[in-house]
Amino acid sequence: MPFEDLGFAKVDHHRAIRHGIPEVIFGKGKTPEQIIAIASRLSDQAHNVLITRVDPDAATRICGALPTEAEHFPLSGAIRIWRDRTVHGKGKLAVVCAGTTDIPVAEEAQITAELMGNEVDAIYDIGVAGIHRLMQNRERLTASRVVVVCAGMEGALPSVVGGLVSCPVIAVPTSVGYGASFHGLAALLGMLNSCASNVIVVNIDNGFGAGYVASLINRM
Amino acid sequence: MPFEDLGFAKVDHHRAIRHGIPEVIFGKGKTPEQIIAIASRLSDQAHNVLITRVDPDAATRICGALPTEAEHFPLSGAIRIWRDRTVHGKGKLAVVCAGTTDIPVAEEAQITAELMGNEVDAIYDIGVAGIHRLMQNRERLTASRVVVVCAGMEGALPSVVGGLVSCPVIAVPTSVGYGASFHGLAALLGMLNSCASNVIVVNIDNGFGAGYVASLINRM
Amino acid sequence: MPFEDLGFAKVDHHRAIRHGIPEVIFGKGKTPEQIIAIASRLSDQAHNVLITRVDPDAATRICGALPTEAEHFPLSGAIRIWRDRTVHGKGKLAVVCAGTTDIPVAEEAQITAELMGNEVDAIYDIGVAGIHRLMQNRERLTASRVVVVCAGMEGALPSVVGGLVSCPVIAVPTSVGYGASFHGLAALLGMLNSCASNVIVVNIDNGFGAGYVASLINRM
Amino acid sequence: MPFEDLGFAKVDHHRAIRHGIPEVIFGKGKTPEQIIAIASRLSDQAHNVLITRVDPDAATRICGALPTEAEHFPLSGAIRIWRDRTVHGKGKLAVVCAGTTDIPVAEEAQITAELMGNEVDAIYDIGVAGIHRLMQNRERLTASRVVVVCAGMEGALPSVVGGLVSCPVIAVPTSVGYGASFHGLAALLGMLNSCASNVIVVNIDNGFGAGYVASLINRM
Amino acid sequence: MPFEDLGFAKVDHHRAIRHGIPEVIFGKGKTPEQIIAIASRLSDQAHNVLITRVDPDAATRICGALPTEAEHFPLSGAIRIWRDRTVHGKGKLAVVCAGTTDIPVAEEAQITAELMGNEVDAIYDIGVAGIHRLMQNRERLTASRVVVVCAGMEGALPSVVGGLVSCPVIAVPTSVGYGASFHGLAALLGMLNSCASNVIVVNIDNGFGAGYVASLINRM
Amino acid sequence: MPFEDLGFAKVDHHRAIRHGIPEVIFGKGKTPEQIIAIASRLSDQAHNVLITRVDPDAATRICGALPTEAEHFPLSGAIRIWRDRTVHGKGKLAVVCAGTTDIPVAEEAQITAELMGNEVDAIYDIGVAGIHRLMQNRERLTASRVVVVCAGMEGALPSVVGGLVSCPVIAVPTSVGYGASFHGLAALLGMLNSCASNVIVVNIDNGFGAGYVASLINRM
Amino acid sequence: MPFEDLGFAKVDHHRAIRHGIPEVIFGKGKTPEQIIAIASRLSDQAHNVLITRVDPDAATRICGALPTEAEHFPLSGAIRIWRDRTVHGKGKLAVVCAGTTDIPVAEEAQITAELMGNEVDAIYDIGVAGIHRLMQNRERLTASRVVVVCAGMEGALPSVVGGLVSCPVIAVPTSVGYGASFHGLAALLGMLNSCASNVIVVNIDNGFGAGYVASLINRM
Amino acid sequence: MPFEDLGFAKVDHHRAIRHGIPEVIFGKGKTPEQIIAIASRLSDQAHNVLITRVDPDAATRICGALPTEAEHFPLSGAIRIWRDRTVHGKGKLAVVCAGTTDIPVAEEAQITAELMGNEVDAIYDIGVAGIHRLMQNRERLTASRVVVVCAGMEGALPSVVGGLVSCPVIAVPTSVGYGASFHGLAALLGMLNSCASNVIVVNIDNGFGAGYVASLINRM
């Protein structure tokens, strides 16, 4: 039987077996009851479970209903059950962010990549206007097999990182900024138009997606 | 000396050595004279050269000024010098497109991937409204290490392909469509919001970028 | 006299007679007092009444002022008085949604279609990234005379469903998503550009409109 | 074998059998050679063929390569082979347009609907600023089972027509206008926000899609 | 001395004398303290004062600090001091709105026009989908020297009214709607593209501006 | 009989009688044959006829088919038949433009207003960055009963003029500009947000509409 | 060592030495804990510190944790430590705003410029619709070496000021307005399209950036 | 007399005297006749004249009508009369561009700055993806008093340059790019959101404005 039907959701117990990856619940827009129901089924059958974008009040209720091993990450709103800690990545994976306010998105990428069996090197607050900070971390960057770069505002960091490394760079625009950042649109457009050929892009604030694809690549 | 300065361009002879990849000239917006000057320098020193987005009249002039081995691809406007045919990819790489009108973009991805040492499996005209066509190609898709998917209009194909394979899917929105496609914006937004976690995105019509990153991944 | 003038609203008692359809009040933006006044007049004269988009606090007050037969649907914010349960539809009508978070919109479509005399087959959580879930419901889809498809994010589901059935597919983009979904714009554009010729579109989150038109078609 | 593979296109000979509808080639973005190759295969096997959006020069070449029965419609750029003239529609279908400049889109809808076996009542140049023209055609509108309404600029006509009839109204925004019409965006948004509940929308200038769905509905 | 300088504002006592019109304070974005300070100065010197867009809490404080003759209008958030009730308009001025939810904007227009010395005929809830309601009010419309039309959603009403009357029609798009209304953008674009030549447009929700210009015209 | 039906157009012979205004044909998007057919009917029955937005080649053909009294205005592409030169305006009407490149739009407004019986004072090239030029024309502005102001780029001129005069100011954004003018969008938004209360707006480049409404107002 | 690493932020003690300018913390999006940690380090080493965009509750906590000399500015949400009051500017610097509601942005510019050693002449509430107010301040404007102009709504003030002075004018669009101001977009586009050649632009509401660059220029 | 009135233009002979700067004609949208007429008047009275954005055919005609000293720059479409070569700048001014295709915009900035009396250091093709090229030019950048940076695509270069220098950086987004560059919008938004505090922005492709303001600053 490929999935279990809860009415409001079809819970797929195949995926973990099929892909060897954690079960994931996108929390935003679901009621706490729905999240608890889905997470309970998954928690019974899967080794690793990730719930993203849970608001603080709901997080308390949800953690209360899950096994005590569930960790809560308040900055990004993630909840993680991490039982199977097998390393799948063939090398290090870097998660970089431009400023302090981009950390919630970077954290989501980091948590995801760890849960999928990667050693993650997190490098925070190295925006392009202080290029010397970036240059001092150049070796850590070139030592990675994939680099995730989270940046808001003008979103220029992936282009500069892309020029420094020869591996794939996954760019995550964040909604950090104000005015003409238009909630991450400026960063998104900047990253899509990157002059560095090794840059690929995910949705605004999609730390999860970046961590997920980076993990797939690091297994290859 | 890291680069040669032509005044209007700094020609970088390092990159091929550094990355083991072809030299690339983005043709659009450059005069034929500029392209010929840069291509001539590169052609003398690099094994493989790719010029993209050259309009038909300029292509004739440029090919006339390059060694006869230069091939011209009229659909995508690419010119290719392919001397070093070493295979670098560890497996097959698929390039898929949704409709006949998406072929120019798919062709750019295919040419790029071939020039970077990949065996490419091209699968054309398998849009989501005829899901049986897609399903019949399922094995070719799952046999690939990376899949590039080019689609205009609603840009739904990457999500469906993403659900069928477990490898990274590089989605290329194309400017194919009319009215509310807004020159590829509809497809771009669709792909950025893909519900398949293994989908990553490049700029509208950026077949080159997709082929480039797919090649990097296929080497890993 | 075709309508009754309450000053702030002209209440139309003709419509039910003219079209054989329920009276409908769009709740959003009206004060509870206005809704109660209009609903009371309609409730006295019409068999079936539907109030949409009422926020939870107002719903309690409004239900308290209406006959006890009024049902409240908290997910979609609808209130329904369903006295005349005559079946008008000539066959089954399917309401499909891509994910759990699209259910409020699908529920609005379902409630509307039921109130207009249709047997509704609700199929939830069958997004395109898990195409096998969709394929397992293929027979239920082809057994329907009209299909309403609600989807947020990339909004790809109507195109795939459109390719599987030969009847009209009414696509409802939902505001589910984040970042570059731009509150449903990505899904809306995707659906307008569908490569399936039998797809037609209503406004973002307009479950009511989809249920309404689907009911008109199912009577034909 | 469900389709024939031409390399650049997969020609589907199933659809006509499956749906009882004409074969359709969307001409825009295809080379004349591609169109001729696909149309020739289809013309051998299908009764009715429609090619849309062909530019004038290409049309001459394409018509020269097709059987002489092929008709060319210069306003909309359509080419039609109409062999099987069976009537499938259960009643009349109206195609309405707001102004003279909307006629190319209305013509595409009309041609499509005729080819799919409908009697079409075409009513042109009845914009909302001259409401008496519209009112004089009221009976023709109410005598139709489905109404297609094409309008550019503010796109208000579908709402007014929607209030006059009780059947489904398929609204087609056209790119007619200038300045803040933004190539049909103003009309598209207007139609999506119609206050008439029986209005559904297709893409800007998509006369074909409107004629197609109207035909499906008229068969029911 | 043409104006009095409060530091945070330059209060102009000239305008009333110069134009024979009320003093106006746009309340949104000003602190209650700022509004009270400006209104007090104006109230001492001018006959008529209008404060617009005051939120409910601030309104209570502001009214408490003004002469008791100040009236508060909760729907639109306006406060009015109306001492000089001279009639300046040469005829009647109509204020029309499409739906109940457009009343706050229409009310702002009405209050403004009354304060500037006009007899106002308010006609509410006559949207285009119920054209008979509009037609029944045709005589009241043609009896007016200027017509203000407030409408959200598709914003079609000004075009239809514009075709019925020969005087200037001032169209006010409202932010009423959801989804693709984009907070009044759909209505705004529709009105700017009106096919009725006598329609002119003001900003979204700008009932004040419409009432102001209508008053200027009605004096001519 | 209120209108004559040409198939592709319904020619209205009522309007001139009803409103006492010229017959107008919007030329853009109509074929020369269509324009000639409509203009010929109108020219036989109406005193004054205006055709707008005709491209140069079509203009030659159209003028050749009309009575010799037809004047052609190449900058704006207008053609005018002006037989009845009765003055209807009660005073002077000013047409102002910000720069030389705005003249085509201003010319369309001027031609329209003249044809509707107004004495027009044309004041060109008085942009806001040279405020002394504007101030030197202040008396001509205050001597007018209505002012039409055409401006592209930032569209600031109507606000400044609006502060100098107490009559209605009709603002016409023009598509003059480049880059972030977005074909007149910047000017349009600027004018809609004018801080001068007597400013009302028409569509981008809509000189005709501005001249038309200004004429209606000047008759009052 | 060029910077100190707090994990979530790299605190740069070089900048003050390098540029002779204050340390700045952009408060929005940072937690109070993060701001306090960074500000404490900076406060120990730098003469002058500026924290911008702090919400009221956080401001109380942050000020409590800083030396008592820290000043809080509630309108703009800024906190300032101003120890070194050396004058660096070679002349006066003017900060101008169009309306009372633009003051928070102007205040941020003023605070920044003062902290960087400038004498600031603040001129508030001189919008373009009252050009006499502007003209009366003409001498103060021409006496300045740089002018910062903050304006929302149509954003026309920088163009008019730009025509009156010959020095650089730094235009700051503000998010003041409603409807088609689109949160400052209208003002931003207006300023970017200014017909005055001496106008340059910063982000919406970016008073800090304007004050910063104005200070750099005033030192030259 | 402050200006000469040519009817279609008011030629200002004051400006040169007033500001000590060249006379400038923005060529785009003006007819060759208009340009020649204005340029002839200016050429008689002013030392230095600049005409921008002239298309190639018009340039030949215009140069033929001007004194032979007029130079034509085909890349940017500028024509320059440079008689007074006094140096006004107090130091060097750098004009930088990211790629070869940005040169036309950079050339316009360079020509303008030279004409206004500056020594210009032009540094071309130093995009951020090859950060070593940029670093090698670091000394030339820090030796400049103002830096103009032209970049299309993601527009990241000004942020990186802004971090390397402490003087004002004038960022010019160019329309170079394709797809999601949206004709320079991506670069414009990127620059407006720059994390470097010394970056200010002009309109897309506005090389003239950047050169103009840079010259004003370099005189200080």
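Some points to look at:
Which chain is which? They are A, B, C, D, E, F, G and H, in the order written, and residues in each are numbered from 1.
Note that in this section a residue touches a chain if its C-beta (ideal position, glycine included) is under 8 Å from a C-beta of that chain, and two chains touch if they have at least 3 such contacts.
Only a predicted model underlies this, so the values are computations on that prediction, with no experimental measurement involved.
Common neighbours of chain B and chain D under the contact definition above: C.
Annotation: the chain F:chain G pair of sequence copies touches via predominantly the same residues, more than half of the used numbers being shared.
Distance from the centre of chain H peaks at C, each centre being the average of the chain's Cα atoms.
The contact pattern of D-F recurs in B-D, the pair among B-D, F-G or A-H where over half of the contact pairs coincide by residue number. For the interfaces A-H and G-H, the C-beta contact count is higher for A-H. Each chain gets a centre from the mean of its Cα atoms; for chain A and chain B, those two points are 27 Å apart. Chain E has its Cα centroid 43 Å from the Cα centroid of chain D. The geometric centre of chain B is 49 Å away from that of chain F, both derived from CA atoms.
Residue positions 130, 179-181, 185, 188, 192-193, 197, 203-204 of chain B each touch two or more of the other chains. Chain pairs that touch one another are A-B, A-C, A-G, A-H, B-C, B-D, B-H, C-D, C-E, D-E, D-F, E-F, E-G, F-G, F-H, G-H. Across the interface of their complex, chain D is touched by residues 2-3, 7-10, 12, 26, 28-30, 34, 38, 53, 173, 175, 183-185, 188, 203-206 of chain F.
Contact residues of chain G toward chain E in the complex are 100-101, 103, 124-126, 130, 132-133, 136, 176, 178-181. Listed in rising order, the residues of chain H touching chain G in the complex are 18-19, 24, 90, 145, 166-168, 170, 188, 192-193, 197-204, 208-209, 212-213, 216-217, 220. For chain E in complex with chain D, the residues that touch the partner chain are 98-99, 127-131, 153-156, 159-160, 162-164, 177, 179-182, 185-187, 189-197.
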